[in-house]
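The chains carry the letters A, B and C, assigned in the order they are written, with residues numbered from 1 in each.
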Amino acid sequence: VAMRFSRFARINPYIQQYQFTVLMLLVHLLFIVLFGVYVSFDELYAMPTAANDNTYLNSKYPYYMGTHVMIFIGFAYLMAFLKRYGYSSISINMLLACLTIEWSVLCRGFFSKDFAEIGTISLNIDQLLRADFSSACVLISMGVVLGKLSPIQYVIMTLIEVPASTATEHLVMDAFQINDAGGSIVVHVFGAYFGIALSLAFSSKAQRGHEHDCSIYHTDMFAMLGTLFIFVNWPSLNAATAVTAEEHHRAIINTHLSLVGCTVATFLVCPIFEPRKKFNMVQIANSTIAGGVAIGTCANVVLDPILSLALGSIAGVISVLGYIYLTPYLSERLRLHDTCGLHNLHGNKNIIEMKSFVA
Amino acid sequence: VAMRFSRFARINPYIQQYQFTVLMLLVHLLFIVLFGVYVSFDELYAMPTAANDNTYLNSKYPYYMGTHVMIFIGFAYLMAFLKRYGYSSISINMLLACLTIEWSVLCRGFFSKDFAEIGTISLNIDQLLRADFSSACVLISMGVVLGKLSPIQYVIMTLIEVPASTATEHLVMDAFQINDAGGSIVVHVFGAYFGIALSLAFSSKAQRGHEHDCSIYHTDMFAMLGTLFIFVNWPSLNAATAVTAEEHHRAIINTHLSLVGCTVATFLVCPIFEPRKKFNMVQIANSTIAGGVAIGTCANVVLDPILSLALGSIAGVISVLGYIYLTPYLSERLRLHDTCGLHNLHGNKNIIEMKSFVA
Amino acid sequence: VAMRFSRFARINPYIQQYQFTVLMLLVHLLFIVLFGVYVSFDELYAMPTAANDNTYLNSKYPYYMGTHVMIFIGFAYLMAFLKRYGYSSISINMLLACLTIEWSVLCRGFFSKDFAEIGTISLNIDQLLRADFSSACVLISMGVVLGKLSPIQYVIMTLIEVPASTATEHLVMDAFQINDAGGSIVVHVFGAYFGIALSLAFSSKAQRGHEHDCSIYHTDMFAMLGTLFIFVNWPSLNAATAVTAEEHHRAIINTHLSLVGCTVATFLVCPIFEPRKKFNMVQIANSTIAGGVAIGTCANVVLDPILSLALGSIAGVISVLGYIYLTPYLSERLRLHDTCGLHNLHGNKNIIEMKSFVA
């Protein structure tokens, strides 16, 4: 026993030094083995009758591309606004998105009907789309705690959050049969509150008003790039899971109008609170895209263009007010330091939902 | 009356202080009301027979995405080259584009056959594409007067320009039945000359040669990003309004070839006028995309690949010559200060058109 | 004769001064003439029965867009990481890509069956896609010699490399009938070794460890932008030449998984070699996309998701090891200075191929 212990003691410092690599190696190998055992290509695509018919793939691929750009480029650069965390944001964003894709294909697969019946996970482009949705959820949580965790903590966060959000999704969509086209409930609300819970646990007084928690000129130019890629591709995300052409069409137009209304409302409200009447770039970069969250759940069902325009406008106003009043309040009173102000962007969904039921 | 006046006098300073917000609020509420009264979803998409057939939407969505990227990302970053106007360019670009989408859906709707017959405006993805065209028109005008107007003046410009350009479009396309696939006449030429007219009205001697009218290293990196997104997505814009697969195909290839020819010609001509034989980034960023304007009107009809290659090459040469000779001349003699040099990019259409008739 | 010589002597300094413009003018005019004589639109698209059927174009255009973004934006910004070569990289990238499109449509056409039979080159969207593949090949070579050649030398490199790579492609695909969906052999391996050969010829001791051969903060932010656009659009490139929907679908998923595996593996291996346990941005920017090269040849045929995940992971590990051990070794011993470290990214294909045969 003594020899064994001494051998472990010799190895231990190496494990500590390389703990990130060791954890990642174990996780990645486990994922590869699980893929080998359980995951195979969806056989529907291999049937000879469908082989020459590109219609289904044609109606999926552009939405998949748009969602992918939103996750890997939009989110990455939107979170690159902190002066000293540009590299970290972009690289951790990429790592967590990839890790989530692997992990959520497995988690979602274990909840699927196919797995219950034949014991394999069928992989198709819809599963990759859903995996991108899970990445969005993890990245929103990451945004709330940006600059507070180490890489290994982010990885552990991902390993916990993905099964939790997938189980919630299963509950919301399959058990409760709630319509959630753009995944606003399971992606944005879950991601935001998971991140906020984490932030409560990890925030300390020292971190608020930290000198690094600010942006400089060209980092905001990169943040706006992220915002614009999210803005442009959000119709793809909200239309991605639609089934019929009519639903696709409606989801695209409603998301488009909601974002347009939200942008105009943001620019309208912004100068009221600025002493020198200039636009606040942090608010512009974040509040203009709140319209996409607001319309998310119901993008494929809203029947009147005015509703999506009005819903987006309300979302923009609430999001700006959140930055002005809520963020400082939460930071002061609850010690809740929300780096990206994501509660205002993704968490105000529930307030808006209630308003939309009234409307 | 005196009491009334005194009450107004009490409110008046608030209106002055918040005039941007007040104007925007009135305009935005008016748009929302008009959407509520007149705009509804296109019922063709709601017909049960078409519901499972994604072919029409599949042949529209990628072009819509490309055009959207061009407007919101391409134009925004292309105009971000001025050292001190990066933020303004990008945020005003976003605001005007969104405002134009709302306003032009209404204006174009009032000219439409549907409105004349049944009194409602049918909203579908084609209308959103057309609205992006109108945004392009407004943003081209904005480029000419970049850095000269206040946000409120840009908004007023938009409110006037959209109905003017929509009426012109109605005249050109419906009354005169002129083929204008990429909207080169109603978008680029109208936008450029509207902006030039504005610039004549607002230019003063003090603004020419202003210290802010220059670029620095990393702003040009952003400008090139804008250029490349415009370059890559222009085939989508020119093919967006095509009807048959053959027209789509031809518009894509012709635009591609015209841009390629234009880029090679720009690089070829550029070093002649540079004393140190380096490429001038402002010319590279702007002249390389002149080929897209040049081919715009006839992208879907040109029958021979050589014609689009040659047309693009001529456009590139004219655009560079415009930057070298025309911009300083106009600035000196006519006090016409064209910040982005957009006359060279979008206005040289008419010169090229004449040449293309000869060829 | 004396008079003739004196006239030449009078012109000669002008030719020297404007040699770039003169060469480009001759080349561009030659290309335009060859296009006029040989190239015409593919008549299949002009047939009345196909005119209203957008299915074929719908299943090509998104892949064409993705590939185009990858070439003109991804490659351009990935190569913009050198502190003093940002402008050069982006502008030369654009010039060479356009020149290659013109030249490779002609070269590939001369090898085509149509040309052998009826003496004309049929231009369609597939030819433009293939031309983008050739651009990738030239740009990879450019990356190896980045900062070492003058513009005119890059142009001459392109004029030589395009027919050489097209002939190789003809040999690999038509004569040997080798499957090479993403063109990994003819694009990445050819491009990398052509560039390495050039680098051997042009490297001098003075250039290694040069003060300009380094990156600064915001140039790496641009490089990551390039990486992410390549990452997001690689499935489009690998699926672009697939024929059936099943092949498309499989190529998309396999590329996606290979890139995901590669990214996770890169992040896993990276911190081992860094003294301060931070991620090395140059390795992150380059090694994360090695998975796309690795899966390129067989993306449309790999039958099991685990294989692409594992193949990508191996590619990531080899690529990082290449940066750590191979690049300094080659630079020291063989005087081979590989600016972008492209041997590690594109050249390790052959090592991986061997491993994949074993697996």
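Convention: a residue touches a chain if its C-beta (ideal position, glycine included) is under 8 Å from a C-beta of that chain, and two chains touch if they have at least 3 such contacts.
The UniProt protein names, listed by chain, are A, B, C = Ammonium_transp domain-containing protein.
Owing to the predicted nature of the structure, the values given are computational and were not obtained by experimental measurement.
Any chain bridging subunit B and subunit C, meaning touching each of them, is among A; the list is complete. Shared numbers divided by all numbers used gives the overlap of an interface; between subunit A and subunit B this overlap falls below half, so the copies present different residues.
Look at where the CA atoms of subunit A average out and do the same for subunit B: the two points lie 32 Å apart. Shared contact sites, meaning residues of subunit B that touch two or more other chains, fall at 55, 58, 62, 218, 225.
If you check the complex, the residues on subunit B that touch subunit A are 18, 20-21, 24-25, 28, 31-32, 35-36, 39-41, 45-46, 50-58, 61-62, 64-65, 68-69, 72-73, 76-77, 80, 86-87, 90-91, 94-95, 98-99, 101-102, 123-125, 128, 151, 218, 222, 225. By the touch criterion stated above, subunit A contacts subunit B in their complex at residues 55, 58-59, 62-63, 66, 217-218, 220-221, 224-225, 228-229, 231-233, 236, 244-246, 248-250, 252-253, 256, 259-261, 263-265, 267-269, 271-272, 277, 279, 281, 284, 288, 303-306, 309-310, 313.
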